[in-house]
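Note that chain A is present in both complexes that follow, paired respectively with chain B and with chain C.
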Partner chain A sequence: MKKSLELLLYELAHLLRIKGLWFYALSVAGVSAAFFFLTGDERKVLLSLLSFTLLAVPLVSGFFSVSYFYDTKEFTEFLLAQPVGRGELLFARWAALALALTLLYAAGVAAGLTLKGFSLQEKAGFLWLALSGTFLTLSFCSLAFLAGVLFDDKAKGVSAVLAAWLYFTLLHDALILTVVYLFKDYPLEKPVVLLTLLSPVDLARLLVVLRLDVAALMGLTGTVIKELLGSFKGTLLSISALVLWSLVPFTLSWLLFRKKDL
Partner chain B sequence: MGRPASPPPHAPLLLTLLLAALSFAQTLVVCKDCRITSIKKALELAKDGDTILVKGGTYREGTIVVNKRVRLVGEGYPTLDGQRKYEVLKVTADGVTVEGFRIVNSGVSELEDLAGLKVEGASGCVIKDNLFENNFWAVYLSGVRGCRVEDNLIKGSGEQSEAYTGNGIHLWHCERVLIRRNRIEGHRDGIYLEFVKDSLILENEARNNWRYGLHFMFSHGNTYARNLFERNGAGVAVMYTKKVVMVNNTFRDNWGDSSYGLLLKAITDSLVVNNRFYRNTVGILMDECQRTLIKENDFVENGWAVKLWANSANNTITYNNFLANTFDFATNSRRSENELRRNYWSAYRGYDLNRDGIGDVPYKPVKLFAYIVENNPAASVLLKSPLVELLNLAEEAFPALTAVELKDPEPLLRRVEWRFYE
Partner chain C sequence: MEVLRVENLKKSFAGKEVLKGVSFSLKAGELLAVLGPNASGKTTLIKCVLGLVLPDEGRVTLMGKPAEGKAYRKLIGYMPQTPPFPENLTPEELLLLVSRLREQEPNAEELVRLFKLEPFMRQKIKTLSGGTRQKVNALLAFAFDAPLFILDEPTVSLDPLSSARLKRLVLKEKEEGKAFLITSHVVPEVEHLADRVVFLVEGKVVLDETVEGVKRKTGKTSLEEALLSLLEERA
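Let's turn to the complex of A and B:
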């Protein structure tokens, strides 16, 4: 455990020296500041930041994590020649990466918000946004590690992560739309909610949207969905689903990595 | 050139009679230390045409029935308390005035519509400058002709549900009533009219009512002007009515899952002109509407500015401003028998080469996603999804993707300037 922590801190220090990652934080800060300058309406800023988060955070987290995984493969092998457990090492690397990316994302949003002087009306909304950004980062780091462990070929691994990103941001919603279209004569609220549980991006989106007044645009169906996902139990459900999305892919990669022929 | 008009020969006689009548009309004063200490007693003593002046204080007299043509005037807003048991004032005579009272705590009943002030079958009443607080129904007019309800301040009981409170101003089978400058809060419906004809509803403010700010059915030929409807549970709903005129009203912040700025259900031959719709979930929902003109209105920052259902036809929507709405338009059919022409759309991206102020490319206000959601409500779970943003972009790039034919063939490039009378 102590070794894990040591490794984690070392990784973290190394990651925070990578200029590309600071560029990520800077662009998040830039985007949120730009939204604030363009409109004074916090609800609009929040919605725009949500759209940005849903697209950019999974892409950057996934792509960076999987590239980092392959680029440091030799160093990993070198470390494994030392008295370090495989599981410990993988966990430390994953945790450091997820922590760094989350911190930089949060720092970016916070830096953008400081321009507003922290006199926010929609504090709760921004907190939910930060939470959904965090879960997106964790889930896509996990998926990246799974791809990294599964494929030895870097091209294949990166493609797999990009495919996952494309699937969860666009294709899964297209699938939901198709289901809604095909079975429109049936009550669909529950099946649709079940389908959203299968995509971390949908869950992260609804986590924020259901707490904003735009949710009224979902009409009567929205009330049912709000009951299923937005009530206390529903929030627990969607947060547990997001926790599973953050941990399960990594756990799989951890199990595989322990027995993998390197 | 005619002869100078001379007074009719019997004018002096009429004048004498009038003076005689006036001299017989007397004022009865009611107060705690007066000769008459109760309003009921004063009403017993009063004759038609008398004035009963009630001075400050609280009067708990059960139900006070006004069955003579008197002016009931309060000085210093005397309180008439129904003690949560009685209907407070009940007017059955013609030509009664009720002015300057504070009427509170009417009884609550599931069977009878107990009101703070009920007028039944009378004509020519004036209800003016009263405060109504914590009543089940506040002002209740039934079978009334030629009345005025003016400058009253009406606050509901604040019970946490629409089932435990009646309407602020309630009219049933009335004609020629003027409802003006009243403020109504916390009731079920602010103003409710059923079978009401030829009436004027002017300059009222209905806020924070549990259900509708204004609600009417089967009430033909009424005019609604310069009213404000703000933050009501479900906005304003008007139904099954012909020849409605709505001018210069403001519909604001009626936001919620099933809330409308203005719900037009089975409305025909009506005018909706020069109104402002700000931040409502739906600005106007048109369901079974026929031959209605919607002209020179502002729709600003609504969820949907207009929802036009397929059962509506021959309506004209023209010279309106559509500014920064999430969706300008939604409909549930591909075809539409309505005229949409010469509106200003802030989302319009066309051009005007001949500089006549009219865009050269038609504007299609129904977004693909709005159409999908209207037909498949469960699709609303994709609100704010990147896929939806992509669909919107694709729709702009490939016009063939648009599902609905409805379009404004002559979109305006400049905002329509029209006058709002404050």
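Let's turn to the complex of A and C:
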């Protein structure tokens, strides 16, 4: 654990010195500031930022993490030739990446919000948005590590992460709608809840819209979950499922990495 | 005293046998050069010794310890072929990181002087030339006491002077009883350093002999010519 912490701090120091990552934080800050300039309505800003988060955070987190995983493969080998456990090393690298990306995302949103000072009416909403962005970062870092461990070929690993992003941000909702349309004569509440749990992006969206109770953005899955479980239980379910999305792919990669030929 | 023992090592990747029962041993104060043409299994062999690749059969022991776990890897000083360090860290930070991971104090001052690294220790890796990065690579390998050093193409991208300094360092450590496993494509360089040569062809050891022994057997005056004649005999 001590070595994991050492590695995490060095990795974090390296990551926070990458200028490209600060461009990510600046972009988030720029977008949130732009939304505030375009409309004074905080709720609209919050929802616009949510849409941006759902699209950009998984893409940046997944793509950067998987590229970083492959680009530092030789350094991983060098470190593993030292007295370090494979599990310790992988955990430190994953945690450092997730922490750096979350910090930069949060810094970006916070920088945009400082334009409004501390007179925000939707403080809770913005905190839920930050939590949603954190879970998305963790989930897609985990998926990226799983792809990195599963595929030796960088092109395959990067393609797998991009395919996951495309599926979760665009195709998963289409799949749910198709299921609902095809089986419209049957009671579909429980299958819809189950299908929702299978997408971290859907869950991250629900986390914010259930707390804000925004009918327009609730969508089919949000409406079903709210009716079936209520806002509180729905939020709890979303958080639990997002914790699993954050940990399960990484745990799988961790188990595989311990016996992998490098 | 025997430091490293490799016994009947076999490894396949996707059904292709890369190592076909490789065996050899290495004593303290001995330098063994692992040579062979491309795709002969040198990298896989080194990775097996480092514990990065798990063999299908056979075993590797270092000072009697099997090739797994942290205690095993603390016995190895490793210099990879290309310095793979994160570009935004400095050599000083890397030295400290490796020191903390190994839980060993580095003996770095003399090495920093030897390789003239003083002006670069606090500069980011990305600002260093290929040769300086390779010197940092050597610094990280030799700064920590270990009974076995594994050097993969150690003189690549070093200028002749630094290359000579590195060779002198290797000989000094060898005299102090350290064992060395070296791979290199530059056979004449190895010839002056190595006590023994293991020659790998298609995953098999076709020769495990002293440098003088190889020359005597083939009737050649240089190791390069001797190995070439061996390869031609097999073709």
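Here is the rule we go by: the second predicted complex is superposed on the first by the 247 of 262 C-alpha atoms of A that agree within 3 Å, B and C clash if a C-alpha of one lies under 4 Å from a C-alpha of the other, contacts with A are read in each partner's own complex, and residues count from 1 in each chain.
One rule holds in what follows: a residue touches a chain if its C-beta (ideal position, glycine included) is under 8 Å from a C-beta of that chain, and two chains touch if they have at least 3 such contacts.
Computed from a predicted model, the values in this text were never measured in an experiment.
Student: Could you look at A:L255 and tell me whether it touches chain B, chain C, both or neither (first, second, both, neither)?
Tutor: In the superposed model, A:L255 contacts neither chain B nor chain C.
Student: Where does A:L127 make contact in the superposed view: on chain B (first), on chain C (second), on both, or on neither?
Tutor: Neither: A:L127 stays clear of chain B and chain C.
Student: Is A:L55 touching anything from chain B or chain C once the two structures are fitted on A? First, second, both or neither.
Tutor: first
Student: A:K184 contacts which: chain B (first), chain C (second), both, neither?
Tutor: first
Student: In the superposed arrangement, does A:D173 touch chain B (first), chain C (second), both or neither?
Tutor: So A:D173 only meets chain B here.
Student: Which partner reaches more residues of chain A, chain B or chain C?
Tutor: For chain A, the partner with the higher number of touched residues is B.
Student: Help me check something: in the complex, which residues belonging to chain C touch chain A?
Tutor: Listed in rising order, the residues are 13, 47, 50-54, 70-71, 73-74, 76, 78, 80, 82, 84-89, 93, 97-98, 100-103, 124, 150.
Student: If we count contacts the way the header does, which residues on chain A are in touch with chain C in the complex?
Tutor: The touching residues are 3, 6-7, 10-11, 13-14, 17-18, 72, 74-75, 77-85, 259, 261-262.
Student: Provide the residue numbers of chain B that touch chain A in the complex, in ascending order.
Tutor: 255-259, 281, 303-304, 326-327, 372-373, 375-390
Student: Under the touch definition given earlier, write down the residues of chain A that touch chain B in their complex.
Tutor: 47, 50-51, 54-55, 169-170, 173-174, 176-177, 180-181, 184, 188-189, 192-193, 196, 201-202, 205-206, 209, 213-223, 225
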